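Heads up, the next two complexes both have subunit A, just with different partners, subunit B and then subunit C.
Take a look at the complex of A and B:
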């Protein structure tokens, strides 16, 4: 693994990518943002990402399908689900299918950064997040 | 890294399973021992707290209002313990108020009703038929109470993740099933479920604080933001909203408070007839 985390961020609301990309770049993530799930799946087929952050409710392809595609294609990739329609059953389904974590919208960029930090730790990354004020111990 | 909540119609049976499960998982057991601390904190009798959990119907010694108050104290303590994670909770009626938290495995231990009636008849020195009748009545009253207070029937199987019948499965087997189930990724804590639990705990702390002056208040928390519904007369609205806001805003973890005032038609009608 390089010293940068390769992150794919998928959300059909443009504001989410716009807001989160700089927030994740600050902690050493190289972020590729997608609004179209099909385009994101094509990219996942081409490149192995360290972390995929995906919305759940999207037209055509939903986040659970993205999760299934990622776990099949690259089992080491950590998938973080984000949704504005959080429910216990959906959270359990996502976790049961191998999601690394599940975050309900709205959330603060720091909430996602903390989850990214623990995903990086699980991947064995040597990135030091404490400089960004995040405890990944 | 999860929480197991075990409930049962028969406290002692649930306790045995919960203690064995805690031992097998290396988790802490949280049972009625914590009620001593609650009783000391609020200057109450421990027996009354146990009665609030166990008794099926209001009695002369315990009105619905008092029971609601005692349950609020218990909820505050139990949810505080749950934040520590890695626990097996039992005998504290948590199945009624810890809802929607995906890393809490909810287990219901079922006892054969005939066997239960036989044991009850023996310990209370009565006929089995009478014991059956009494237990059936108690069950009905508890169902009514759980429905009116927590808006669901505690005997509804859909409210549990796992139901284990001790007449079919022996206790050691039950413990094995529970420990295997909780190891599923579905019951692992995640950002969302931890937030849900923190919200419930915060709402419980606020409810306790409002309990004395505004017992009818309903509290919902969402990430430090509170929505409090309170019942009262229109003339009290402004004063009450301000007082509730002031009380709630001082609680650690609270960022914002919104008070929704609901006009109490019954109280107004009662006052107009005086």
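Take a look at the complex of A and C:
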């Protein structure tokens, strides 16, 4: 399948989106980047994404609330949580609430790509790493 | 590790920075002052007091024995005078017989001799009772009586003729009767006087008994009173010391009296204990600081992940696309890496500042900026907990004198506690304002969290008291904080309402005159 995966990436650190958008585009993801969780929630309400990648700790609205919003809105969407140190309890809570997987900061772009690949597999699509021109896959 | 104070601290507004005097030196100074006085031990006072009371008791016993003896003597003398009166009365009876029947003249004379003998044997007592004139009168009276009787006897013996004899008898009889009568009345007077004197002596003896027993009682009570009041005063003083020490004031006990005694030994022992406590508290403060550093580190470790992640992602993407990448993009990525590295350094520099400095320095400082720095230091914890901090400081607050490190530790602890009590989305308010008392500045840390139940409000400053779960709190935070604040001459108070939050108020004295802590 060559269908593009629709991915929403939410992290209040701008550099995360700036670097990951091209990284994920290489493996065939159409990435929409958000820094503001409220704007992201609005977008999720509008559009059904295949995969949502969200940071757990943010001001105002945290990743768990995003997760809850997504599972309520679109149960088939896979949610991947980005966590930090000292947030393992939150990560476990997220898993309990139906997150697909979590990934701990700091991570390499490939770590996320692999998680996205397995999420894509679970969704029934596949990701071609070689097409992205990545040698260490 | 002892770190030299940074140059910044030594030049704060040109005022001198003093290092806290060593507790061992302070204790030694107090010991010398305490020992410099003369010793007047409790043991000595007790021995002396009881010895004086004993001496008094012996004196009183002697006086009583003497007065008993006097009474006894008077009574004996009363007996003697009674005999004298009987002899005289007997003599007069025989005198009467003689004039009626011509008999018993010898017997009358015998009685007079006896009576005179009695009088002559006790001249001093009689003089004392009768007075000199009366005594002379009594003596001459009985002598006259005796003389007249002897003249009669003489006449009798001479065997004059009846007429002459009768004349002599009649001549003597009149005088004899007169003298006899006078003698009886004098002896009765004597008897009466003696009775009065005996009852006076008895009364005096009874009064002596009563007065001296009362004096003894007063002396015993007075002795007990000065002894007990000396002991009680000292015990009260030491109770106050104990309360003072419990509140964290470790100034040693200084001389308060002009002599030393067993309580001085106690004071020396307590001073030694204070010194040990102070050294141990220094250790506790350090331990507590290490814990605070630990808490801060956890927050920093989390916060550090963000720039690290940014650096990691940027570096990796540059590696992946290095050949295809335009120079501008490369520059952008490298700039990001540099700025994120700077960000990392800033995150840890506050903690390093706090963790590094360990020397105890007293210096003039601005409380508001100290609190602002402390809030900055705990920013990661505040962010992690999802809490807002509102900070307000009154303008133109006077400076205080204190140890930046220790005070920061206190306020960090109060902020950590407020964070622990709050929920995500709550706020914490921190105010620096003039205190209600003049010359004091107050810092209020207000949270709107769980509050402290009234029944434990009094225990929260006790060492090892904690409401946090096992492994979460040592129960030393507030205890150590109270110790630090007391040492700064301030106070830490709490008011709380269950379910509505708590307010911790720290009041610290402002520096009016730079405290000469060096000479302490």
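Here, the second predicted complex is superposed on the first by the 120 of 137 C-alpha atoms of A that agree within 3 Å, B and C clash if a C-alpha of one lies under 4 Å from a C-alpha of the other, contacts with A are read in each partner's own complex, and residues count from 1 in each chain.
The rule is simple: a residue touches a chain if its C-beta (ideal position, glycine included) is under 8 Å from a C-beta of that chain, and two chains touch if they have at least 3 such contacts.
The structure displayed is predicted, hence computed values, not measured ones.
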item	value
Clash or fit, subunit B versus subunit C on superposed subunit A	fit
First (subunit B), second (subunit C), both or neither touched by A:76	neither
Which of subunit B and subunit C A:47 touches, first, second, both or neither	neither
First, second, both or neither for A:115, with subunit B first and subunit C second	first
When both partners are placed on the shared chain, which of subunit B and subunit C touches more of subunit A	C
First, second, both or neither for A:92, with subunit B first and subunit C second	first
Partner chain(s) touched by A:84 [first = subunit B, second = subunit C, both, neither]	second
Partner chain(s) touched by A:38 [first = subunit B, second = subunit C, both, neither]	neither
Touched partner set for A:102, first subunit B, second subunit C, both or neither	first
C-alpha centroid angle, subunit C to subunit B via subunit A, nearest 10°	50
First (subunit B), second (subunit C), both or neither touched by A:13	second
Which of subunit B and subunit C A:22 touches, first, second, both or neither	second
Shortest CA-CA distance in Å separating subunit B from subunit C in the superposed model	9
Subunit A residues contacted in one complex by subunit B, in the other by subunit C	86-87, 104, 107
Contacting residues of subunit A [partner subunit B, same complex]	86-88, 91-93, 95-96, 98-99, 101-104, 107, 111, 114-115
Subunit B - residues contacting subunit A, complex	100-102, 184-188, 190-193, 195-196
Complex contacts: residues of subunit A adjacent to subunit C	13, 15-16, 18-20, 22-23, 57, 59, 62, 84-87, 104-110, 134
Residues of subunit C defined as touching subunit A within the complex	298-299, 301-302, 305-306, 308-314, 316-317, 320-321, 333, 336, 340, 383-384, 386
